[in-house]
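Take a look at these structures.
Next come two complexes built around chain A: one with chain B, the other with chain C.
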Partner chain A sequence: MKTVSARLWNRLSSINLTVALCLLLTMDLVWGYFCLNRRTALFTPLNDLGLIPWAQTYGSHNLLATGWFFLLLTLLALLAVNTFTCTTSRVAQLLRAKGPGGWQRLALRLAPHVMHYGLIVILAGYLCSYLFTQVLTSSTLTPGSHLSLPGSGSQVQLLAVEPEYYQGERLAFWKNEVIALRARLLLSDNTGQREAILSCNRPVRFQGYSLHLIDFAPKSLNGMKMKTRIDLHVRKDPGVALYLAGMALFSLGLILYFYQWIVHREAHR
Partner chain B sequence: MSMITSHTAFQFAAVLYALALAAALAPGKRSLPVNLPLAAAIGCNLLAVGLRCHQAWPMLPMHLGPVALPLCLGLFYPLAARNCEPSQRRPAQRILLAVIVLLTALALCFPKDFYLPFLKSKTLLAHGFLWFGVVGKACFILSAVWAANALLPCQPSHAISAMGRSHRWAALGFSLWTASMFSGELWSYLGWGTPVVWEDPALTLTMAAWFFYGCLLHLHLTRSWSQTHRALYASLGGLVMLTLTCLPDLGPFRIPFGL
Partner chain C sequence: MRMFNILRPDDCILAMAALIVLLTAAGCNNDPSATSSAAGKNTDKERPAFLQIGEFAVNRISPERTEVRDGAGRTLVLIPREAPMPTDCAPSQVVRVPVRRVVAYGGFDVAVLRALGVLEQTLVGVTTPKERWHVPDVKRGMESGRIAFLGDAASIDYERLKQSEPELVLTWDPSIIPLMDDLHIPVAVTTTPQAMCLNARMRFVQFLAPFFHKEPEADAFFARIDAALRDIRARTAGATRQPKVMWGDIYEKRVMVEPGNAWVGELVGLAQSNYQFEDVFGTSCIEITVERFLYSGQDADIFFTYRSRDMGATSKAALARLNPLIKDIAPLKNGRAYAPLPHYSQSADKLDEILTEISAILHPEFYPDYQLHYFAELPDADPVAVKEKNHDHI
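For the complex of A and B:
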């Protein structure tokens, strides 16, 4: 039994499998580009519905256009297993044969493995995100109106929208258009109230939800007068922390790897 | 007052890059006939990119990649073949100039610069996404150029040294490409609440290039393929992959020097 599991572990941790998977992923994603380019509308609901409901509806009923995506998921799962087994084997070897140079040298030698673990954490974060995210799409607020956050007994109220119009000459096409927008929100829960500023690339986090500004009106001083409003995407995404941690881990490994490369090059001069 | 436009500056750059390539292909070993038009071409290209950025700042100029990529390659030209023997340097420089001319021709024939910038691109992450990606792609092209150089008939030691250079450029490109992807994912998360926006098909090609070069780095490190096979993968495969990544930035055909 032990030999079977050891053999399976060795097969799964093979570098040849990594190469094959990377090549298959490359080809699959190129195929995906052409499918996505032709049938973009099929994939747009993926972020709002989550993976399972999307796969049961859009995904399974349009397999010619979505087949590449299911293959992508399978290949990524295999890659995650391959990366984990391969990296763990190498890390175990490194830890057993620590050799001279102490912890600093060991940390540098672990750099590529830190990147590999980072990749696994990123993939786990994405999976978590696509499986468990709660989304409230197209929540529109006008000044004074409220939005209730489900399951938290909390409310978000839009206090005011503060647009800044472009008045310069350089961006002729942007004259009198909104160049920056600040939406003042009042966030209320059982513990009290606080104000927060929401803008285009600055979401507001509240009660585990993140509020993102998707659209707003009016966009211009000229043209049709529209009622002041902001459109929000409200998401409760448990995968965010994981994929951000994965990115940080991958970046740390990359920095260590380059540091080691420079040190190694200097030593060989 | 008539002013030079970004498009005109890029047209000048294209002509000057072509002149530099013609001079590089001509017999003779003088470098001035190549370097002079090349320096002027880089100047014009820099002006073209600068004008496009100036016309969009603080937002991101749309589809700047095809115009900025030849500039990055031009700026890398002196570094690309530094500290190597003339027998290796000249073919590498010729291939690099040929790639630059091909890229400028593609950018002129299929421009997609008619889109206006959008408000959400007013963040450093968006600019990081663009510039890390462009410089990363330039490194990938240099990796492909050196791999092609290793395939030319030469001494085995030259081929090994050329593949070493190809590997270094690929590693640098991979790091920058990763930085570009992370910037894009963070920007996407802050702006839209999700790290992957499925409305943009270009993301699949970005990921494809990441896996392609991840595979190349594994092949280099493990030496699991022969050197010739790795060189073929990095040169021909690399050029196909990089051409594909340029597709989303190319628009409909336009006569390059039409009025």
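For the complex of A and C:
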């Protein structure tokens, strides 16, 4: 039994498997490029439905266009297993043969493996996001209206929308178009109230939720007069902490690797 | 060669076997309702459990619950009228079906209600005044007071809307959602950020059908449009000449066109013609640069303008006067230009006729003696101008 598991472990940690997976990933992503390009609407709901409901509906009913995505998940899962087994084998080797130089030298030699573990945590974070994120889709706010965050007793009110219009001369067709938008929000909970600014690449975090600006109107001073509104996605994403932790781990590995590289270079001068 | 040395066959087999197992597992589902979904049909009604219509979707969870995704990506839960209120969603997301009272913002939505055969029984409010309606049922309803004019879409009389007691509002304007939530009136957004493709345009009726329990009518409508499309494909298959088509217009300094992903662009391609804005992607009536419009107009054969006669599209000369920038595009100089007739935008229930008419315009050689019903070919000059010119000659 031990031999079988040892053989399986060796196979899973094989560099050959890594190369095979990378080649398959490349081919799969080429297939995915064409599917994404031609059937974008199929994949948009993945952002708010979550992986399982999406797979049961959009995914399973359009396998020709979505098959590459399921394959991608499988390949990434295998790559994560391959990376974990390969890295763990190497780390175990390094721990067994610590050699001269003590813990500091060992820590430096572990640098690439710390990066590999970081990558696995990042992948796990994204999987966690797609599996467990709660999303309130397209919540619309007009000035003065408010939105209740489920299960928290908290409210978000839109105080004002502050658009910035293009006033340059170089891009005539952009004249009077909104190029940036700031939405002033009033966030209220049991502890009090505070103001926050929401914009396109600046989500607001509040009570474990993140508020993302998805759309707004009007987008121009010209043309059809639209009433002022912003559309939000309100997300509660447990994966964020994981992939931030993964990024921190990856950065730590990178710093150690860089430090080791400098030490190595100095030693050989 | 070295690569083959690196990749041992048993590793590849291991990877492929794991893939197949996991892929099969991903496709499996223990939920019986989902199994019927995967099969694509409900056993009892032979109807797909899940239907994607462009950016819209209909998901039949159970006989008592259907979830639909509207054009804004919001989920609405359809439940029978007598069913208890579900606890897993906000009350404003719940629509009791079949819906008996509807407010519709657009002519397109009203036409779809007509296609489903529910217009007379359900429509209680519109945002277009009676004089601008070309649908007899709506005109009659407004005259009898059954259908109320709620004010222009930009300035709705919400008191009047509340008095109409709608059970559903069909709109293109999401800004009314917060107020409608306060009034406990569910809203379905019927437009999408991206232009509707031909398939979505044909199937949109199947998105609204579950609101009224009119799925068979929706299927019949779709079959009719599908038959028209097959006919177009068959008739135009032998076309040796592929006219170049542009669809849009210039308003002051803004140029708006139908993008290539819109149903118009797809139809033009399907009818053996070339759409000049095929590479433009985005929302319906999308803005492009004047230069791009004029460049595409250099060698176009046919121009469809958004403007109707009452918006000044009475002749090619009138269009050129409205905007001198376009006076030199080929369709206005030596090609053909068409304007929609006033009832065109309210005739989505005659989509088969509209598609056929567009095909007949593109390839008149395959439609001898075809009479236009939804578009008018623009003469070179206004009849009045011609008269004045004649007068001058006299």
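Basically, the second predicted complex is superposed on the first by the 243 of 269 C-alpha atoms of A that agree within 3 Å, B and C clash if a C-alpha of one lies under 4 Å from a C-alpha of the other, contacts with A are read in each partner's own complex, and residues count from 1 in each chain.
By our rule, contacts are C-beta pairs under 8 Å (C-beta built on N, C-alpha and C of every residue); 3 or more make two chains touch, one makes a residue touch a chain.
These numbers were taken from a predicted model, which means no experiment stands behind them.
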{"item": "Chain B versus chain C as contact partner of A:S251, first or second or both or neither", "value": "first"}
{"item": "Which of chain B and chain C A:L73 touches, first, second, both or neither", "value": "second"}
{"item": "Which superposed partner A:N16 touches (first chain B, second chain C, both, neither)", "value": "both"}
{"item": "Touching partner for A:T44 - first (chain B), second (chain C), both, neither", "value": "both"}
{"item": "Partner chain(s) touched by A:Q167 [first = chain B, second = chain C, both, neither]", "value": "neither"}
{"item": "Contacts of A:L141 with chain B and chain C, given as first, second, both or neither", "value": "second"}
{"item": "Which superposed partner A:V240 touches (first chain B, second chain C, both, neither)", "value": "first"}
{"item": "Partner chain in contact with A:Q193 - chain B first, chain C second, else both or neither", "value": "neither"}
{"item": "Common interface residues of chain A - those touching chain B in one complex and chain C in the other", "value": "15-16, 19, 40, 44, 173"}
{"item": "Residue ranges of chain B touching chain A (in the complex, touch as defined)", "value": "54-56, 116, 119-120, 122-123, 125, 171, 175, 178-179, 182, 185-187, 189-199, 201-202, 204-205, 207-209, 211-212, 214-215, 218-219, 222, 224, 241, 244, 247"}
{"item": "Residue numbers on chain A that touch chain C, as the complex places them", "value": "11, 14-17, 19-21, 24, 40-42, 44-45, 48, 55-58, 60-63, 67, 70-71, 73-75, 77-78, 137-138, 140-142, 145, 172-173, 175, 215, 217, 222-223, 225-229, 231"}
{"item": "Complex contacts: residues of chain C adjacent to chain A", "value": "3, 6-8, 10-12, 14-15, 18-19, 22-23, 26-27, 29, 31, 34, 37-38, 40, 48, 50, 52, 54-55, 57, 59, 69, 72-75, 154, 173-179, 193-194, 251-254, 287, 289-290"}
{"item": "List of chain A residues in touch with chain B within their complex", "value": "15-16, 18-19, 22-23, 25-27, 29-30, 32-33, 36-37, 40, 43-44, 46-47, 126, 129, 170-171, 173, 178-181, 200-203, 210, 212, 214, 233, 235, 237, 240, 243, 247, 250-251, 254, 258, 261"}
